[in-house]
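The structures considered in this document are given below.
The two complexes that follow have subunit A in common; it is paired with subunit B in the first and with subunit C in the second.
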Partner chain A sequence: MSERSEVTIKQSTAAREAAAPPRKEAPGVRISGLTVVYKTPAGELPAVRDVSLTLEPGSITGIVGESGSGKSTLALSLLNAVQPPGRISTGSVEIDGLGDVVGFRGERLRKARGQHIGYVFQAAQNSLNPLKTVGKQLLDLGRSHGVDDLRGLVREAKELLGRMGLDGARVLDSHQHELSGGMRQRVGIMLALVLNAHLVVLDEPTTALDMITQANILKIVREVHAERGLTTLVITHDIGVVAEVADRLAVMYGGRLVEQGPTRQVLAAPRHPYTRGLIKAIPRLVGDIDEAQALPGRPPTLVTVPKEGCVFRERCALRMDVCDTVDPQARVDEGAYGPRIVACHAVTVKERA
Partner chain B sequence: MITGTGIVKTFKQRGKVLGAREVMALRGVDFAIPKGGAASFIGESGCGKTTLGRIIAGLETYDAGEIIIGDVTMSSLRPKQRQPHYRKIQLIHQDPYSALNPTRTIHQTLYAPLSLRARQTGRPRSWIEERAAEVLSLVGLDPGTVLARYPHQLSGGMRQRVVIARALTVDPEMLVADEAVSMIDVSLRLGILALLKDLRERLGVSVLFITHDVATARYIGDDGELYVIYRGQVVERGPVDTVIADPVHPYTQSLLSAIPVLHGLERPGEQPVMPLESLDESQSDEGCLFARRCPFRGERCTSERPLLAVTEAAPQQHACFYPERRSVIARPMSEV
Partner chain C sequence: MGVIARRLAGHLARGIVMILVVATISFFIVRSIPGDPVAANVQKLIQQGMDPVAAEQATRVLYGFQPRGTLWHQYIDYMSGLFTFNLGQSVSHAGQPVTQVLGEAAKWTVLPVLAGTLLSFLVGIVLGVYAAIKRSGKLGDVLAISGSLLHGVPQYVLGLLLSAVFATLIPILPADGPVDILYEPGFNAGYLGSLAQHAVLPVATYALAAYGGWILAMKSSVVTVLGDDFILAAELRGMKRSIVFRYIARNAILPLFTILALSLGLLLGGAVFIERIFNYPGLGLLLLDSITMRDYALMGGAFLLITAAIIVANILADLFYSVIDPRVRGGEEVST
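After this line comes the complex of A and B, so read on.
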């Protein structure tokens, strides 16, 4: 009970103070030539290979990929948080106002996380400490980042939770088990944003949530993104999630980015055979049921992904001889709504013909 | 044919902090799944759909009501006597990773139920091997490569196929698939769904599909019935395509409105329904269970519980005092 009163007193005092948080601008992010390898008995194998991706300031980018596609590893690279046996072997991650985080170590890196980059972890609903109230964990977070104005932090947290449709005071006084999955997810988002980070990574933000809760969370992500002026990256296996929130869509397969572009354009006219297959494999609510077609084969793992040539060729209907040996280069088409990029020999050949 | 009438299930929770309370998991549910047919239960987690699936598979007891398998009433039998009837109904779990014994090869996994079956029916040992290969082929796996493997050597999709193959060893009449594809990679999901659909068509196995994803329910059996379950009560029930195209219960409409729209390919529905608040199971049981969250509730809703019935508003059964059609689902761009 003492904790409860502590937090409550801090909140009521904080409510009277009105120091606005310093405004930061939504940063742009340029990932270039990024390769992340994991040490295995078979040597160091790339989970992410030569990936280049730009997050425009203020945009929401969605990365879609199946398990083992390297999407979570890519997201962790933004924090320079790839854990051994993995390591970033080449490439850079330039974040506006920070620099190349790949070179960051120790205290500098720790400060960048939280204050500049917020991360909502996969299964955020299970990543809270079950022994502490949310408020206590918030204070821990503040202290570990050297926040002097803890009352201001609590006020900010309450405001954020209120913004997401929760009773801030009640949630801060709650333990994890007293909150539903959707509420925990919102607490995760709050913790990622409360230190005023303007680059936010959401890893599978709605997995294990119900449809209605998912729709709610996605709406919140969109609104908070716009209101706070964020640059947001959403990692998911669900194209529907990206379709709902993202301006740009990037598709990952076998550690490679195979296609990216404005979400609506990619969904309406996918170019890469994998993207096409994925969209075709979604059962729909109306129309001919048999239009949905399964993608043959199965996704590669770290060990089975081809060392050279196209990573998708085993499952590809448009496979040519060149696909076995030559890695398709990303082809960029500038468009009115931003560049469309596709890495496929067959698409390149077809468009030249 | 498997039917249930008035199934009631209450879970008693004992708690030191929150105090004991009772959770009504099912409040008098009726269902009927014809031989070779399909049915789907949809609803949010905690609505009772999984409990109902487990009751149907004989893995959970119920407090009131009746389950009739074929023409045999289960409550008239002793637990031991019920077993051969419930064996006709096999449950496929959500998680193929924990459904298989990691220390057994696929051959051993299939051998156990098959040898029991061979003994009961007096078939020779050679039949076991033949049948093991046969069920694996049925689910689209190559027996030669799969039989000697352990579960960890297979992908999630292949494991789920093995689980289905194991269910088929006892010649079931019905498969109960509880969120059977939610842990499978996206590009492989449709393959598993297509398999269930195919087994229905080829073997005449009926399929009960439990999910929160309406589109997959439609894919498995568009000729079957859809049951929308909310806090233990069926609130709308009817042919899949009718309920999807013309839902009249605000809860069904909320579920359908929540499905992500593939912008660029689809246009969102014009009258999306959003519940007023999120699900709180400790809410009072008085009146319509959905009333507190319902944007269209009237005075009657807080005092009286609507019963499942067909009214002039719609051909499908619904439990709502103010049923109304609303355009909630996304339509393909090409259609408009």
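After this line comes the complex of A and C, so read on.
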């Protein structure tokens, strides 16, 4: 099995080099000051507020957060695809080789999606047209992006599917209802990559999959990322997924990025009280189950999130007076493995002392 | 294709059983209506001085069936006649076979109903898509409200209204009848033109009465599909607008085909009011007349035809569905 897949890897690498497509590089992405608001009866409320995040070329970044923390909205912003009643109100998303996609409209935006940025949907969602075979949808995708060599596209798709352990010809001939959750997810990854996109966003790639399939998909994500030279963003609520694949970890809470840094450093020594709470809430394989402690309280919603001051203060053990009125500024520490950033008054005070 | 053939066989078997059941029920119900034209005719002949046996024989010659004999005998005769498409003879049409009388009337119902329904289906579908896409704008509101209004007005009220406006107030269209008698029937411009002119109001009534339902059904179907993940997924993959639109349309129209087939079947029965209003010699009017005349055979035949139309429409809808929806096609499923 592993021998066979190695052979496939070599073949596919060789095939790709022989075909010599316009070699795209893994792009860097700079999100700065991004705010996304949703129109509600109570006015426009921010789901993502003043978020700045850099994806280094060739890196895998993981964004962790609870439901409603704004992580999916942030992911959609990368494709300028925030759905109404939401909209990007301020900020920019600079992608190398493309520019600021926040300004993209119409055909220019459509072509960027798929060709430059691949989006992989949550596994539980049905991201395929139920009435058409995967192959026909692949051809629709090719025609949408003016691919002349449709045979080549099908070949590439089969290769990708084979690379992920599927029978490409058979999958292309199948309808969505004939595929399992894990197979659908791999089809989703194939469709995101088949046009040679080098920036890939995976939104909850393993949610609703069983443990074995989950491990398989993560392995595939890591391998494909390395082989094809991608910049990858993984959105998840499962800190285990990030630990598994990501070089860098960003923690989101109430629409804000509260902490980010190299995955290992953040997991080993979390600084923000929310990150600490998250990690403490994970049950260990060894030891008492009661050691896992859930964070008290519940995450804020669009309506209940504080308009000023720290978004986490209601659940925070380190709350101070200043937290009620002043937004904690992001504090950047450059390290050997990249910057560590934390936005917390308590951390800043402690370190200054 | 094997799957579809097997499906068809199953449907046909079930359809035939249903038709037999309906034939049985309608046979007994029709005959329990008070008033018996055959007995009346025998009595009439006896009173005219004929002896009873001769009177019965004369009646049999006239109507072509056994006037005496138990109900069961008649039932068995009737049912065995069904298998040779012999539905008996019509008392009110001088002993013509019922099938012939029905066939004669059917063309006046089927064509206008088909035209009206398909017209409203097409218009309703297209406007329904617009109503869904522009649902937060004025155009969407106007379309949806027009749909609700028309959907709420009964067919016969629409028919009377159209008749009052276009045949009486502004007499630009003929009020009743299928065609002007001054034209020679056949393929000549005058006859066909007159046919078309007479068909305008009935067809418009069928179309207007159904249009509201289509626009509302299509709107809600499109809105549902628009919220489906695969539409957003297609957009995020940078699919062309025209392709995404096709995805939406094909998925949204699917449930409407079932309604279309069913409504075609039902409209044969619903034509009663419209044909009455426009004095159109179709199945509806025939059914009404046969009830007034206590023409058992014709009544039974008309009921049977309406039932058969609904059953056939159902079968067609299901078969069509299995052609256009791969999920219904069944066969070997890997998993879900």
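Here, the second predicted complex is superposed on the first by the 331 of 353 C-alpha atoms of A that agree within 3 Å, B and C clash if a C-alpha of one lies under 4 Å from a C-alpha of the other, contacts with A are read in each partner's own complex, and residues count from 1 in each chain.
The working rule: contacts are C-beta pairs under 8 Å (C-beta built on N, C-alpha and C of every residue); 3 or more make two chains touch, one makes a residue touch a chain.
Since the structure is predicted, the reported quantities are computational estimates derived from the model, not experimental observations.
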{"item": "Contacts of A:V221 with subunit B and subunit C, given as first, second, both or neither", "value": "neither"}
{"item": "Partner chain in contact with A:S180 - subunit B first, subunit C second, else both or neither", "value": "both"}
{"item": "First (subunit B), second (subunit C), both or neither touched by A:D238", "value": "first"}
{"item": "Subunit B versus subunit C as contact partner of A:I279, first or second or both or neither", "value": "first"}
{"item": "Which of subunit B and subunit C A:I31 touches, first, second, both or neither", "value": "neither"}
{"item": "Partner chain(s) touched by A:A169 [first = subunit B, second = subunit C, both, neither]", "value": "neither"}
{"item": "Shared contact residues on subunit A - subunit B and subunit C", "value": "180"}
{"item": "Residues of subunit C touching subunit A in the complex", "value": "228-230, 232-241, 243, 247, 250-251, 254, 324-327, 333-336"}
{"item": "Of all residues in subunit B, those that touch subunit A in their complex", "value": "44-45, 155-158, 185-191, 193-194, 212-216, 218-219, 222, 244-245, 254-265, 274-275, 278-279, 329-333, 335"}
{"item": "Complex contact set, residues of subunit A against subunit B", "value": "66-67, 180-183, 210-216, 218, 237-241, 243-244, 263-268, 277-279, 281-287, 289, 292-295, 298-299"}
{"item": "Subunit C contact footprint on subunit A (complex, rising order)", "value": "79, 81, 83, 110-115, 118-119, 121, 125-133, 140-141, 143-145, 174-175, 177-180, 188, 191-192"}
